[in-house]
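So the structure is just underneath, and the comments pick up after that.
For reference, chains read A, B, C and D in written order, and residue numbers begin at 1 within each chain.
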Amino acid sequence: MQQMDGTADTPELKQLYADFDTHHLAPLWTQRDGLMPMTPSPKAVPHVWEWSTLFGLAERSGELVPVGRGGERRAIGLANPGLPGTAYATPTLWCAIQYLGGFETAPEHRHSQNAFRFVVEGEGVWTVVNGDPVAMRRGDLLLTPGWNFHGHHNDTDQPMAWIDGLDVPFSHYADVGFFEYGSERVTDEASPDVSRSERLWAHPGLRPLSGLEDTTSSPLAAYRWEHTDRALTEQLALEDAGHPATVGQGHAAIRYVNPTTGGDVMPTLRCEFHRLRAGASTPVTHEVGSSVWQVFEGEGTVVLGETEHRLHTGDLFVVPSWVPWSLHADSQFDLFRFNDGPIVDRLNFTRTYRPGQRNEDLA
Amino acid sequence: MQQMDGTADTPELKQLYADFDTHHLAPLWTQRDGLMPMTPSPKAVPHVWEWSTLFGLAERSGELVPVGRGGERRAIGLANPGLPGTAYATPTLWCAIQYLGGFETAPEHRHSQNAFRFVVEGEGVWTVVNGDPVAMRRGDLLLTPGWNFHGHHNDTDQPMAWIDGLDVPFSHYADVGFFEYGSERVTDEASPDVSRSERLWAHPGLRPLSGLEDTTSSPLAAYRWEHTDRALTEQLALEDAGHPATVGQGHAAIRYVNPTTGGDVMPTLRCEFHRLRAGASTPVTHEVGSSVWQVFEGEGTVVLGETEHRLHTGDLFVVPSWVPWSLHADSQFDLFRFNDGPIVDRLNFTRTYRPGQRNEDLA
Amino acid sequence: MQQMDGTADTPELKQLYADFDTHHLAPLWTQRDGLMPMTPSPKAVPHVWEWSTLFGLAERSGELVPVGRGGERRAIGLANPGLPGTAYATPTLWCAIQYLGGFETAPEHRHSQNAFRFVVEGEGVWTVVNGDPVAMRRGDLLLTPGWNFHGHHNDTDQPMAWIDGLDVPFSHYADVGFFEYGSERVTDEASPDVSRSERLWAHPGLRPLSGLEDTTSSPLAAYRWEHTDRALTEQLALEDAGHPATVGQGHAAIRYVNPTTGGDVMPTLRCEFHRLRAGASTPVTHEVGSSVWQVFEGEGTVVLGETEHRLHTGDLFVVPSWVPWSLHADSQFDLFRFNDGPIVDRLNFTRTYRPGQRNEDLA
Amino acid sequence: MQQMDGTADTPELKQLYADFDTHHLAPLWTQRDGLMPMTPSPKAVPHVWEWSTLFGLAERSGELVPVGRGGERRAIGLANPGLPGTAYATPTLWCAIQYLGGFETAPEHRHSQNAFRFVVEGEGVWTVVNGDPVAMRRGDLLLTPGWNFHGHHNDTDQPMAWIDGLDVPFSHYADVGFFEYGSERVTDEASPDVSRSERLWAHPGLRPLSGLEDTTSSPLAAYRWEHTDRALTEQLALEDAGHPATVGQGHAAIRYVNPTTGGDVMPTLRCEFHRLRAGASTPVTHEVGSSVWQVFEGEGTVVLGETEHRLHTGDLFVVPSWVPWSLHADSQFDLFRFNDGPIVDRLNFTRTYRPGQRNEDLA
């Protein structure tokens, strides 16, 4: 009898394996090791994309490719080198730079996929979400939860670029997505400073009595930089004064949340903002689930696996599942992060490991 | 045989009832009707307390009664005329005016009972909650959830008064309360404009990464008037512009919530703020559960049962369970409200009825 | 100036207190101590009712008092000696012996109050819950959640007695109850062994696809003795074999739960069954919330506060909040228990203390 | 300027696309349509595997391939013809026939992946889950939630086969899996009729007081055929008697649930059992998410997309996301089903569509 190593070194076994093929079957024992590794072994790899390169290519796209129905968006996705043939940043996450020229409009549509925009520089575009025009400015996080109609229009003569984050890879993988075209133009071309969703919902600890039903995604379309910046500043000031506030020494961080539940902004996407003081570092961390980070401001480095990368404003990098990462700040260092944390948490696969720390989180 | 009316008109029945007494028993059939009425039939009655009267008595108390250990607080409770011998506003709710003279201190203690303060006028007192000094100013809601140490100190030479709301009657009734003395002086005599809890938590839609565990009560110690006022102003402006925002025509309202859950600020107490435009009215409403309202600003009337009452700034009124109420605004009319909604909701007794409207909510 | 002891020994203070009365106000400082004691200080007292006495009085009631519309039920409530003038077992709980003669019918009605029946002896009555006839037999727990129509009919020529448990005192206190009369006769006079609710729901770990919506109360109308007995027997057998299964040494126990949630059977009432091996004891326990216990079978004692009571089949006893209790079994000792645990838990007042054990549960 | 169709028909555009490649980027506009289709467009295809073929190949494997450390299990996976190169039944689900010869042992291990076994015929194997031996018999569902040690041993001289269901494809895709070897032999070779988990948990509506903490997966290791069969029989009998009980006319069905929550048995896998009366049909149904069905007993047909398939005992078929399916029963027709419903529901992608019925479920 053979060992259970899958080696087909007898005619009988070769015939058995051939018959498996014929009948659309496959033995577990030849592939168990690859399918069920000791720890997560992602095909996706850590990678850094430089903002200057991205922005330059986006500009050239702006000259060569119109925005319009069908393609829908002038968005250029990060294609993880470990996931060839896809435009996926990680198995679950899409991340793209989107570029809209002066007075251009990206037409309205809606889809099951959850989406957000984060703005590292520029302004002048309004994203119109279910008819509510939402200004996009530096440092803002703008949400487009699944099945909300949305389009963008540039109200200025200057181009603007930002990043998009979506769960497109997950939705494509799990076959859960629907798509529907909307208006060719945005349904409301007004350009207010503040969206209606903010006027209703952006009051700390206050909930409109007309909005007492919990929603699966946040009803707040915009999370403004001024609030994020203030929250981080206060955390560091509290730490300075000796009070617990930061998530680690010199490391302030917030999670963007759905005010109706206190939970993640959307069912598949977690969004956070991190600020390190100059000189601060984070401990080496392994986490289940994959993340995309963008440097918002400052200088520093990230170690991904064994490799250190120097980072500048706008640079994006990807941390696949369980790949150890740590950050070090040379100046005050501000970073936006999004990941598939809600998927991992809601399906009970959460684990975190920090070498040298107690393993309490190793379920 | 007797009818089931409980009439003890035979010697045998008289003896039976006497034997019940002897053995600490009581028949249901003689009291079923009173115990289980067709609709809630509260002993508490609707009542209005005038602020000018309350404040005058509080001032006199300030002259005659010191603040100190044992009595703990110079607080004068609304004693519902239907609940004689108690100091209860309703069966579940305590509401008092508390008065602190210049430079006085109310010593620290903690108790299972949940508490808040709402300020209709004045400033200069800091309530110190678990060591965090929280300024009290006009229009602010300040929380002291169960088992948080707290004391108050007046940092000025002027007295200040405010209202306290607690679940003392419920806790006393259900025998759930614990009490513990703390420091004679407040543990932090600083007088910052903003509490540490606000610096961590009062950022709309942002949650500190150091605070990802949900808490049964809100971690936010202060809900500031400027946010409440802005939220209400925006709701009315959105209504003016034709967008859904208000809870009724001309009626803006917010609920104060726990940012970690989106739910009520404390497990037994619901707090809300309502604003009616001049000329607006609310529909006649019957609700299960009891409420206390305080006029914050403006002129108007409330109909409680069959009786109309004219209201002025600071006036307090009580709505017992299922007593119909409606408000009418002569000027812009701002009112704070608290009630036992979390008790009613969590124990699944919620019902609302508005005559003339569909009975959909009559479970 | 006076001390804060409330002593009105000056004319000014006497006048102040008189003015409080006039204006329906009451000072906190004179009553703080009583209202907010260091630990729960219930007026309800521990007490034991003997089954033989109860049953004898129920039989006499059966001869003297008819069952019919208005009084509705021939039920005799335990009246806690510490709560004079009421028929309350504890501040929150009603417990009565109900008696139905041969071929008698208790007419249908419904109410917001949650109710159950537990049968210590006898059979022959069907309780008809929303039209579903539910046989009542020894050891069974039968539910009548709030707002379900229900009546009882005796299908035999022999009387039957059982205990009723309800949240009548809570509902009356909090003014949350509605009541409605139904049919004079039960709406289905069939006498099946098994109710329709059991046929749908009493399959371990199986949920009908037609019942995927969670319900606030259990959809299962009957919890049969054979299942309870088997569960307890297995726990003790597992303990014998060295496996974790019991809640304490020699102490098996189950909680009756809503199969749609795993939580308590009804929003205000928790029901449990406990079995002690001969010779076993439970540790002295203080708990927030009040309980009623009934001996189902066996001999033993309970210590309530400082007093030991010998118990026999059918005896009922009450444990007010925070009163220490412990059980000791002389034979195998089976006890049914219900309490207001869901009220205490859902409103976040839970505390348990066992002297000599770690205080971990002292929140 | 080009249309947004992605055609690279100018040198500039060709160069732009080449530069995207160089920098690990990919434009959305050339692939948006494929990535975000109008409705889910799975690569997985509907397919039927015949039990006789599967079983024959399993028997041959039993002769040729030993069971042992490394390969771990003699399991042969359904390889969806639309997912070449994988052994995946659907993008998220693994389904295999596992075969264990007389007196063989499959060694213990544990993994993050959730798993179950369902037995269509045979008996004699015990699966040992965290040291608890669980008998496997016809019609039983046996759980092995993530990170539970488990091995199997055949206590007889006869081989046995069953199906395994796991979330291996999801775990591999999302990089969430950990794996650990355990004992070479099962840690308890006893062969009791009933597992300890059943002795603690398989009592309808009863929860051990020692198990009041909710668990993410069911604590019940075995769901026995006798209970499933009885539940389905009762549903059809209730339907016959005119009471609501079935999910559709002539269609009884149960979901296996976690008794601590009433929810799915494991965080990623939903398990159900369906019974159709002879002559009954189900409506054509589109659902988000993919399913695997196995015929347990009876004769009938399934229409998958446009194609009708005749089915016999043991046959397995796969329904990819949104592919319409309907069943028709020629005899009483019993089917086991599992799917990725918890993934779809928890991430809020649920949609169901039945042509000709109201679209109420089309979110």
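The working rule: a contact is a pair of C-beta atoms (placed from the backbone, for glycine too) under 8 Å apart; a residue touches a chain by one contact, two chains touch by 3 or more.
A quick map from chain label to UniProt name: A, B, C, D = Gentisate 1,2-dioxygenase.
Treat the numbers as computed from the prediction; the structure is a model and nothing was measured.
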| item | value |
| --- | --- |
| Partner chains shared by chain C (Gentisate 1,2-dioxygenase) and chain D (Gentisate 1,2-dioxygenase) (touch criterion as defined above) | none |
| Centroid comparison with chain A (Gentisate 1,2-dioxygenase) (C-alpha atoms), farthest chain | C |
| Interchain centroid distance [CA atoms averaged], chain B (Gentisate 1,2-dioxygenase)/chain C (Gentisate 1,2-dioxygenase), Å | 30 |
| Inter-chain centre distance, chain B (Gentisate 1,2-dioxygenase) versus chain D (Gentisate 1,2-dioxygenase) - centres from mean C-alpha coordinates, in Å | 51 |
| Rounded Å distance, chain A (Gentisate 1,2-dioxygenase) centre to chain B (Gentisate 1,2-dioxygenase) centre (Cα mean) | 42 |
| Multi-partner residues of chain C (Gentisate 1,2-dioxygenase) (each touching 2 or more other chains) | none |
| Category of the chain touch graph - line, ring, star, complete, other | ring |
| Residue ranges of chain A (Gentisate 1,2-dioxygenase) in contact with chain B (Gentisate 1,2-dioxygenase) within the complex | 196, 199-210, 212, 214, 218, 220, 223, 227-228, 230-231, 234-235, 237-238, 243-247, 253-262, 265, 272 |
| Touching residues on chain A (Gentisate 1,2-dioxygenase), where the partner in the complex is chain D (Gentisate 1,2-dioxygenase) | 1-6, 10, 12-13, 16, 19-20, 23-33, 35-42, 44, 47, 49, 53-54, 57, 60-61, 64-81, 86-87, 91-92, 96, 111-113, 146-147, 168, 170-180, 216-217, 267-268, 288-290, 320-322, 340, 342-344, 346-349, 351, 363 |
